[in-house]
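Before anything else, here is the set of structures, which you'll find just below.
One chain, subunit A, links the two complexes that follow: it is found with subunit B in the first and with subunit C in the second.
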Partner chain A sequence: MIIKKISKSDIGELLRQSVEKWETYVPVDTDQGDTLFTLLPKEGSELENALEKVNLKDEWTVISPKDIFFPQLETMFSFEKDNIKEEVESSKKLIFGLKPCDVKGILFADAFFKRNLDDKYYLSRAEDRVIVAIGCLQPPRPEACFCTSAKTGPFIEEGFDLQLVDAGDEYIVEVASDKGREFVDLYPELFKDAEGDVSRSARKIKSDAADAVKVEVDFEKALAIMKGDPDLKENYERISERCLYCGACVYACPTCTCFNVFDDNKQDKGIRKRNWDACIFEGYTREASQHNPRKEKSVRAARRYEHKLKYDYKVNDVSGCVACGRCLASCPVNIGISKFIEEITTNKRIM
Partner chain B sequence: MKNEYIPYKAVISSIQKESFDTNTYKVVFDDEKIGNSFDYKQGQFAEISLLGIGEAPISITSTPSRKGFLEFSIRAAGNLTDKIHELKVGDSLFVRGPYGNSFPYDEIKGKNLYFIAGGIGLPPLRSLINMVMDNRKDFGHVKILYGAKTPDEVCFKGELAEWKKVPDSEVWITVDKPCDGWGCSVGVVTELWKETEVHSENAVAFVCGPPIMIKFVLMELEKSGFKDRDIVMTLERYMKCGVGKCGHCNIGEKFVCIDGPVFTRHEVKAMPRQENVF
Partner chain C sequence: MRKVLTTCIYCGCGCGLYLTEDKGLVTGAYPSVNHPVSKGSLCVKGWNCHEFVNRMDRLTHPLIKENGAFRKATWKEAIDLITKKFKAISSETGADSVAFLSSAKTSNEENYLMMKLARAVYKTNNVDHCARLCHASTVAGLAATFGSGAMTNSINEFEEADCYLITGSDTTAQHPLIGSRIINSVLERDAKLVVVDPRKIELEKYSTIYLQQKNGTDVAWINGMMRVIIEEGLEDKEYVEERTEGFCDLKKLVEEYTPRYVEKITTIPAEKLIEAARIYATTKKAMIVYSMGITQHTTGVDNVKSLANLAMLTGHVGRASTGVNPLRGQNNVQGACDLGALSNVYSGYQKVTDETAREKFEKAWEVEGLPGNIGLTVTEIISGLDGGKVRGLYIMGENPMISDPDSNHVRKCLENAEFLVVQDLFLTDTARFADVVLPGASFAEKDGTFTNTERRCERIRKTVDPPGEARADWEILCDVAKASGYRGMDYTDPAEIMEEIREVTPIYGGMRYDRLDSYGLQWPCPSLDHPGTPYLHKEKFAKGLGTFMPRPFIEPVESPDDEFNFILSTGRIYWHWHTRTLTGRTSTLEREAPKPFVEIHPEDAEKLGIKDEETVKVTSRRGNVSLAARITGKVAPGSCFIPFHYREAAANVLTINAVDPVAKIPEYKVCAVKVEKI
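Here is the complex of A and B:
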């Protein structure tokens, strides 16, 4: 792997130049105190203001960056009388500063939207992109992040074009793909050759970062248990007693891809749209006849955990959980996949 | 890359009233090229839209061996289907598909066939029934057992009479609530077991209908000695996309829209217990 270096003070200039070629998404602090993946403005004072608020520290983006390729609400086509006009977005994108768990989430969604029949909306948005990951020195959600258990962080080995390793005043830059090489070659004055034994420094940084992750669960054991089709009715019933069925965990999850489709129109002119949906909602499986095969709350709870930890694994050999911890961090009543895993692997009541 | 979500305009060329709440719509694609490329198999479904109202999966009730048009039997049961029932001949709707797997065909040649349906469960089976009738000599004895709530809710009355006339084919109909002059049986569809013999030997049973009816039919088929692999069902689930993406029809790791809607009872039994799939 090619290793480069870039000074932290040059990141602003790099992004300033990249917006000319790419739609550039980067974590930006909002005025309200969140950090969200934001599309950088193209020029002028708007760009400069945004660059000042770029935040590549170990902050967590509440909303998963899946919404760059799979927006919470998107247009599928517009129509007027009987004429349909397809609306597909396909700009070149630079996603800068993705956490490793979120890279895994995006790779998962890529595979899902490619499986069987192609989903043109997602695949067009995601087709031409450069992914710049940045590992976490400290877990952004200390009580919830459990990436080391699932081997999805705090740094990853593949799936990115570039990965940044925070080494104080500069980032060590790991170049993992042809696209990544082309990217660093475009900005030779910013990406400099690494001197000394940077690989060793990077290894030390990564190992310290892994030690900083405090939540640990036996992920492999959980997958093996789930594969055996255990009867977890009691666990699901207990979850369902407390769960508010608000959908926060589903919306925040980087690998949840379910959607609803609806028409938004005035008379004979309008737009067919899709928006995120959640399997835990009662109406999600309710048919026009009012028959609802998944009416019971505990069955809907089962659906969520079994989808993530059993079915995805059966189909792909990859778990549907990337251990980002967003479900637990966003849950008002303290339910999360890491806690579920702890329960089934230790046989203790955790939630 | 093909955009699977874009539907194509189709014009209604005839409307057949089946019952007080169900019509069969014959439609022809506006663009002949689209019509010619719409190559479907028995048991598949399409997504039907009215722009500005919405979209729903509807089984294709016409038969691939009869070309040039598609037929959909649609019950007025919700927002979209109520609006479809307001349409007249010459009006258009939008169609995309075909989607899903299909009923076995070559595999069932030479076998005795049972088609067991309840109410609006007959339209999804009709595609295969007519294909069998169009190639009648390839199959053994055919028996259609059909139950509806009232005589008025019996779909395809004319065709049921025609199928009855085909040699080596039987049609048995029963209703829960008969009217004056009703000449067929009374009671739920499983009551027909008392009136005609059901043999599992060299036989395959196709079942479609409301969940409660399917549950009792499966019990009877089991008593008649049918093996799980010889019972074929077409499942219904709420769906949005029809192409394995929106997630609504998920059962376990399966999507009813792409892995189904046709499943054997053997496959259904492997589905998660809590999903209540019979």
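Here is the complex of A and C:
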């Protein structure tokens, strides 16, 4: 792997130059005190203001940036009588400052949207992109992040184009792909050659970062248990009784990709849209006949945990959970997959 | 793709959320991490609050009805017609022949302007809004006992409380982010939970003790609890002595309410009442939480006063994580009251009957002759349309055809309205009766402020442009005022309106926009250096001493008899909001709860031979609806419950328009019906 470095003070300039070529998404502080993945304005004082508020520290950005490729609500096409106008977005994108768990989530979503049938709405948005990951020195959700247990963070080994390692005044830059190499080559004055034993420094930073993650569960054991089709009815009943059905665990989850399709129409005009859906809702599997194979709340809870920890692992040998802890962090009643894992691996009641 | 912090449009929690904008459309909503209420979470309505904004059936231009059909009109035509009609009516039969219904869904600034339009321009106090139908009893009851008619404490204080007494609030359904704090406290901190509700609400699952009272018997059980507390010496004697007045009268009145006597009235077993009273009285940090189940009765004010008595008796007011906490329903119903969209007060609860207040507003608004009579309330205004007491009515963002009691009566009144203006986002059931329909802008399309249930005044921010020619309510109201010949309603933006509000409204004195920018401030906030007030009545009550106002139990107006043998209660469900104008246009929410239903107890279903989901007919003295039966132990035998969201089987066809004598709130929670198999 090629290793470069970039001074923190040069990040602003890098982004200033990158917006000319890419739609650039980066975590930015709002005026009110939250940090969100934000599309940088193209120029002028708007760009300068945003650059001043770029925040690459370890902040909790509520939802994973999956909405860049898979918006919460999107127009598929509009129609008027017999005319159909499809809307496909395909700009070049730079996603800068993505956390390792979110990178894993996006790779998972990519695979889903290519499986069986190519989903052009997603794929065209996601096709031409550069991913610059940044590892976490501290978990952004200290009570919820459990990436070390699933080996999905706080740094990743593959799937990114560049990965930044925070080394004080500068970032060590790991270049993992051709796209990443092309990117650093575009800005030779900003990406400098690394001197000394940077790999060793990076290793130390990564190991300290891993130590900072406090929530630990036996992830491998959980996957093994789930593979064996255990009877977890009691857990599912308890979870589904406590659940308020807000949808946050699904909406905030980097690997949740379910959507519903509906028409918004008026006389002979209309728009076909799709929006984020959630398997915990009763209507999710209700059929036109009104029959519902998952009417029971606990069966819906089972569906969610099995999807995250069983199906994909069985079929594709990859876990559907990236251990980001967003489900727990956004749950109003403190239900989270890490707690579920702890329950089934220790036989203790946690929730 | 832009992301703009704003405030949720649904309940009084007032969650902070970001709207995502892409190419002029709102494409998402998600919670603010650092907002003190949302803290990274929202309920399902919040997560989906963006969808209705883009709907194609939004109103996009003014409509004028001609020969029974609407035609497109220009803004000038529409506003000229409104002012011409309103001025003519006003000069023919007097200022009180016109009326204005403001809206708890619109901003503080817009509510202020609505009352200014009614009072300063049209010289009538006939301005009111749906708070009349939800917490009018709270405003009256708590103002009388404590001196301030608002939720005493703050949402985050729920995280520290050790006991909750929840009555008449289906908290997880109606205020989910308050409900969640209660669930977490019970499960993770062993907080105690006393639930008193005729319906087994979701929180019943977590309750330390559950009391199922007969609908409409609240004063009796509250008096009974106080009697137990006094008898067992559990009252806070020092607090009662130092901070309250009228204890002797209270003691005398509650003497009669022995647990056995209360059991007869309420069906609550005597020993359960005693246990619940002990739990509440002996826990230091205990919060009373209530909502429509307490207020929507002909004894609504009595119910509220009785809860206030209970809290004072035990010293549970004036400290963090205690208090009497009415949860306000609409996102801005607190603000609409604060800003004077009520028939008896100006902004900041300054009485229209008080000459000094009138003079103050005359000076501020540069007008003469502000009326000193209390105006008509919501139900009186609607009834006034039939018979011509009210000849012109301007409704902003309300849908009385579905939301007001006794729909058949409402229909008749709206049909007979001489001149009706409706300003809304969609062509609602009410708007269909209008002579002029004006297209308003949604919360995502304008700037302003909402005030949530904990008195937090916080910003909403324009994210996208309104569709077509739709305009912000404040802009429309200013144009109407201007066209009516008044020069004092001309503002460049809502921030400027707030500057005027600050000058005339002491509790909002410090609410300048730059100070509200992060996550708002809680009133009272009298000056620019005031940090806001998380809980009220610290050290002393707003009125000095708290006043015990003992009330005797009075039966509801309509009790079951041989023919109408069920008690009907109405309410809301988690997935929908009020008249479904917004949530019915939100795919996820509508899909979860697409059709109306009536909850009946399994014993009753068996007696009547009714199967689950079978269509049944529910009839009251005022009308009937047909809808699916949902057989559930949530309701008691002899009781049934219908959500009022559905125009397809509107619960309010059945309800009675009997009102509380003081607050004029209708008795939505008790009427007599029969249930029949079809």
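Throughout what follows, the second predicted complex is superposed on the first by the 350 of 351 C-alpha atoms of A that agree within 3 Å, B and C clash if a C-alpha of one lies under 4 Å from a C-alpha of the other, contacts with A are read in each partner's own complex, and residues count from 1 in each chain.
We take it that a contact is a pair of C-beta atoms (placed from the backbone, for glycine too) under 8 Å apart; a residue touches a chain by one contact, two chains touch by 3 or more.
Because the structure is a prediction, the values reported are computed rather than measured.
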Give one word, clash or fit, describing how subunit B and subunit C relate on subunit A after superposing.
fit
Rounded in steps of 10, the angle in degrees at the Cα centre of subunit A between subunit B and subunit C is 80
Partner chain(s) touched by A:138 [first = subunit B, second = subunit C, both, neither]:
neither
Given the touch rule stated above, what does A:262 touch, subunit B (first), subunit C (second), both, or neither?
both
With both complexes overlaid on chain A, does A:248 touch subunit B (first), subunit C (second), both or neither?
second
Could you say whether A:277 touches subunit B, subunit C, both of them, or neither, answering first, second, both or neither?
both
Quick check for you: in the superposed arrangement, does A:117 touch first (subunit B), second (subunit C), both or neither?
first
Touch check for A:293: first (subunit B), second (subunit C), both, or neither?
first
Would you sort A:38 into first (subunit B), second (subunit C), both or neither based on which partner it touches?
second
Examine A:311 and indicate which partner it touches, taking first as subunit B and second as subunit C; both and neither are also allowed.
first
Taking the superposition on A as described, I'd like to know which of subunit B and subunit C A:74 touches: first, second, both or neither.
second
Just the number, please: smallest Cα separation between subunit B and subunit C in the overlaid arrangement, in Å.
10
If I apply the document's touch criterion, which positions on subunit A are contacted by subunit B in one structure and by subunit C in the other?
260, 262, 265, 270, 277, 286
Provide the residue numbers of subunit A that touch subunit C in the complex, in ascending order.
30-36, 38-39, 60-63, 67-68, 71-75, 241-242, 244-248, 251-252, 260, 262, 264-266, 269-271, 275, 277-278, 281-283, 286, 329-334, 351
For subunit C, which residues count as touching subunit A in their complex?
1-3, 5, 16, 18, 20, 22, 25-35, 40-44, 46-48, 50-51, 54-57, 172, 176-177, 179-180, 183-184, 187-188, 205, 517-519, 574, 587-588, 591-592
Residues of subunit B defined as touching subunit A within the complex
1-7, 9, 51-56, 77-78, 81, 92, 94, 210-211, 236-238, 240-241, 243-248, 250, 252-253, 255, 258, 272, 274-277
Subunit A - residues contacting subunit B, complex:
76-77, 79, 82, 84, 86, 88, 112-113, 115-121, 123-124, 233, 236, 257-263, 265, 267-268, 270, 272, 274, 277, 279, 284-289, 291, 293-294, 296, 298-299, 302-303, 306-307, 310-312, 314-315
